[in-house]
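Next, two complexes with chain A in common: one pairs it with chain B, the other with chain C.
Up next is the complex of A and B:
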């Protein structure tokens, strides 16, 4: 029973972190129709900044700076590279592949700098744990859940109540009509990329915190697991991304928790379980759980 | 008019013959290093042509190519080896290709219905799940350390270094022999793929890419064509996998990761989407670049020799910077890739050479596919 609770809580924390990343995917996709393959390296970039800066600025200062710089980088990538390609559906496809190119360059550079090292981020939780009734939880996981909840609520409020959020939703609905109504697509897009970059930098901290050993060159790859999360929910739906992230996080934690019972599937199946779940869902619902089937006109 | 066409045809055939002879020469003059670059490039080109059929023609984004390469490579190794059925190697090659096609077919419930970007992510799943299986199913795949690949033998002729074969005074080792096998397989790929693109299903796929709804209205069975494109593309990948396995002589799971899939995507993007020649050029570029940079690292500025001090820009990194940047630049500034650049250069040359052409000889070049695929311009 404690095992189950343990796994559930761990899954919840993991899902919360995935949600930060997946929400980034969704925001970018809504604003620009682009699936950002460079998200993993943006995340790694944010984490790397925190790791390098925390000695001088302290954890909070380093995190704040990393969030701002990563947001600026993401915004700049969109504004100065991707937006050259235009705003229509075909160029969104092309820009998706451009992000793969950006990812290759960024990831190679970061991997070269990090090398084989494990970087600590100097986070205040360390390896402290809290007793919650029968289960023991790492403080970093509780922090992940709490921070994600607050930030995600904030992002949803941003969608709902600000004029930027309104522009974003209008652009996602129909880019051309939104542009005719005076929505500045370029700015809305760049804003969305900034937001996604900030979320990615924040997620990096929790992905590298205890019980993970620290920030490595492969941390960005873990963020790829948020892809299935975003797809599961349907790429254009923030609520879906949230639900998808929880499903993926819980699946991963449960598979790892019950590994001995699941040994038929092989060691380390937890790492690939999200993809198995995604395939199953796509078989039944090709547009994701919350995705609407698009109506097409010629 | 008709004799002009025959002249053109014989001219074509002569060019083809010259190219074929030129391609047969390297084993007599170059050493094993260059031959290996050529071999890997040919294998990559076969795989890239398959991906170009899928992504460039059918408009489907696939990141699962590494998985199908792995099916081909491991399929051959298992079918021809021990443990495994131990079939004759000449039989194992086509069977491995069919296996890759079958794997693509099994994926067709997803590949037929999921489109574009969604398919890209769905195929991502194949790479990760496939890698996991390669590591886990040790009795078939040999686990983390992989398996050694039995050399191919065709009617008593074995593609390895044994036997001390000498052709025209040149000792023929494994690389020299495999070069000709690679050439034959590549020629097969080149002609089948070009034929396929010009055939009825090829045109149906192009229609599908440009507008799914319009194609469906014209009577194209959307799901069936999408899955068929996926199966054909995975069969080419399987063939490439077999050739790679023969060239490497050992297959290991870590080679067939996400990076490999991204490499293949880079090849077709740099070469120009939807063209066989472009995919080939892209494959040679992406494959040869890191190998050449490793070889000449000490002579290149800004590049450190492999294995030197931590944090220096090694040849592998430098190559990756270059082709990452190449993807970005090609897509933003020359969306039809190397193929498009070459065609534009050729058109300009031709125009300069014959400033006043008679209207019946001036063959209008077809519009670039990227322009045809663009449904509307950016309005705001």
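Up next is the complex of A and C:
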């Protein structure tokens, strides 16, 4: 029982961090139709900034600055690089491929700077843990759950109650109609990219915090685990991203936690499990858990 | 008007294609003029020479990682070997020739490494450094064909049995047999206990697991394996699983980041069991992470090389000169293993020279004739049997934040019981 609780809590925390990343994927996709393959390196960029700045600015200051700068970088990439391609669905494919290029450039530079180092982010939780009845959880993980919950609620409120959110939803529904109604697509898009960048920088902190030893050059790759989360939730649905992230986080934690019982599936199944779950869900619901129904062919 | 507009770009495109083809042709011919060092013959002093050696220079090659995941290790080895070359040259060189090391960075990319090998192989006589198990695996056939004596910075038993390839020290399986022996001897593990083993997928982890499984079986214990990938840096779920299986100790054959996470999480979850790591699973930088106190309390490292903070006179001298030459670089195990590899190549070259030849074949032959090569930087090595690890003796190290290189010797080198039995059964 303790083990189950342990795995569940671990999975929940992991899911909360994945949700920050998956939400970024979804916001960008909703606003621009682009699948952002550079998301992992944006995340690494944010984490790297916190790592190099926390000595001078303190953790909170470094995090704030990193969030702002990463948001600005993501926004600028979209505004000055991707948006030159136009706003229609066709150019979104081209822009998706451009993000692969951006990823390579950004990652190469960051990897060169980080090298083989293991950077600590100076977060306030350290290796402290809290006993919750029979289970022990790292404080950083509790913080991850709390912060993710607050931030995700905030993002949902942003979608629901602000004019930017309305524009975003309108643009996602029908870009042309939205433009005709006076929605400034360029700004809405860049805003979405900024938001995704900010979320990525925040996620980096939790991905590098205690149970992990620090920020590595490969930390950005963990963002790829949030990819099946975004897809199985339905790529254009923020609620789906949240649900998908929790499913993926729990799956990973449970599969590894019960690896010995699942040994018929072979060792190391935990790494494949997110994708296996994604495929299973897509077999039953091709548009994801909360995805919009695709156009029905008559 | 329109015709002119459409025709021009076409002419330009044709021009570009022509220019591109010419450039390719030039590049191709440029390449072929390169294999100049291939001629064999006797030099002025009567020593047989071959590729990589002329009347006044001996060229060695290094295929290293200066921009990839093992950049820190690569830099340490490159600097240590350069220091060795400078020292040798200031004493007159080897065989009256200066030693030169040609360094190529592959960034842990196999494709780049293959290109880099093709680039330097015609001009060098031996490779005292090749980083990366996948890189070595991809180059094995070429190395054997070219008879290019190679010291890989990888220790999987699958690299044994090749005449030109020399794994220095012990292989991963032997290390893990020693680790299991250390646990039963000093940490009270006994028959019926379960040992967890967290390992990387691939040659490294597989070979380590082979050793631990064999040793555990011999001692009447069981191994609970947890396979992970290099991108797994949060081992919380693995720790939960190991605790559920009631392990009394954990072995880890992964990278430093994984070791830090495993030990940190285990300590925080109350799984206070001894942890023993393979040598590549530790780096001095770990002692600056939040996991440092837990590492100092729970971790031991099994290694064929002594700690760089060890009292061995050879190691002390080397560390002092290294610190003097590169005051800003950390002194880690890569410095020691790199310098040691260079010293051993130096002995091989000197021996080959004495026997009258510095061709690649001569160097490999000289190398294989050494059955007790002792550089004073650790244990003596026996290179005469290609199918056996060069040494079976291992040290047990212990993390210590204050020591140079972050570790101190906990146990001196010795051959663990069972190793001979294991090697003869294999």
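What we mean here is this: the second predicted complex is superposed on the first by the 292 of 298 C-alpha atoms of A that agree within 3 Å, B and C clash if a C-alpha of one lies under 4 Å from a C-alpha of the other, contacts with A are read in each partner's own complex, and residues count from 1 in each chain.
Simple rule for what comes next: a residue touches a chain if its C-beta (ideal position, glycine included) is under 8 Å from a C-beta of that chain, and two chains touch if they have at least 3 such contacts.
No experiment lies behind these values; they were computed from the predicted model shown.
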Touching partner for A:271 - first (chain B), second (chain C), both, neither: both
Partner chain(s) touched by A:112 [first = chain B, second = chain C, both, neither]: both
Touching partner for A:132 - first (chain B), second (chain C), both, neither: neither
Comparing the two partners chain B and chain C, which touches a greater set of residues in chain A: B
First, second, both or neither for A:94, with chain B first and chain C second: first
Partner chain in contact with A:253 - chain B first, chain C second, else both or neither: second
Touched partner set for A:177, first chain B, second chain C, both or neither: neither
Partner chain(s) touched by A:216 [first = chain B, second = chain C, both, neither]: second
Shared chain A surface residues [contacts with chain B and with chain C]: 112, 115, 221, 267-268, 271
In the complex with chain A, residue positions of chain C that touch it: 67-73, 201, 224-238, 240-241, 243-245, 256-257, 260-261, 264-265, 267-270, 283, 285-286, 288-291, 294
In the complex, chain A residues that touch chain B: 35, 81, 84-91, 93-98, 100-105, 108-109, 112-113, 115, 176, 179-180, 185, 221, 224, 227-228, 231, 235, 265-269, 271-272, 275-276, 278-279, 282-283, 286-288, 296-298
Interface residues, chain A side, partner chain C - complex: 3, 6-7, 10, 14, 111-112, 115-118, 120, 126-129, 136, 138, 141, 207, 210-214, 216-219, 221-222, 252-253, 256-260, 267-268, 270-271
Contacting residues of chain B [partner chain A, same complex]: 59, 61, 109-110, 113-114, 116-118, 120-122, 124-125, 128-129, 131-133, 135-137, 211-214, 217, 258, 262, 265-266, 269, 310-311, 313-314, 317, 320-321, 323-328, 331-332, 335, 373-380
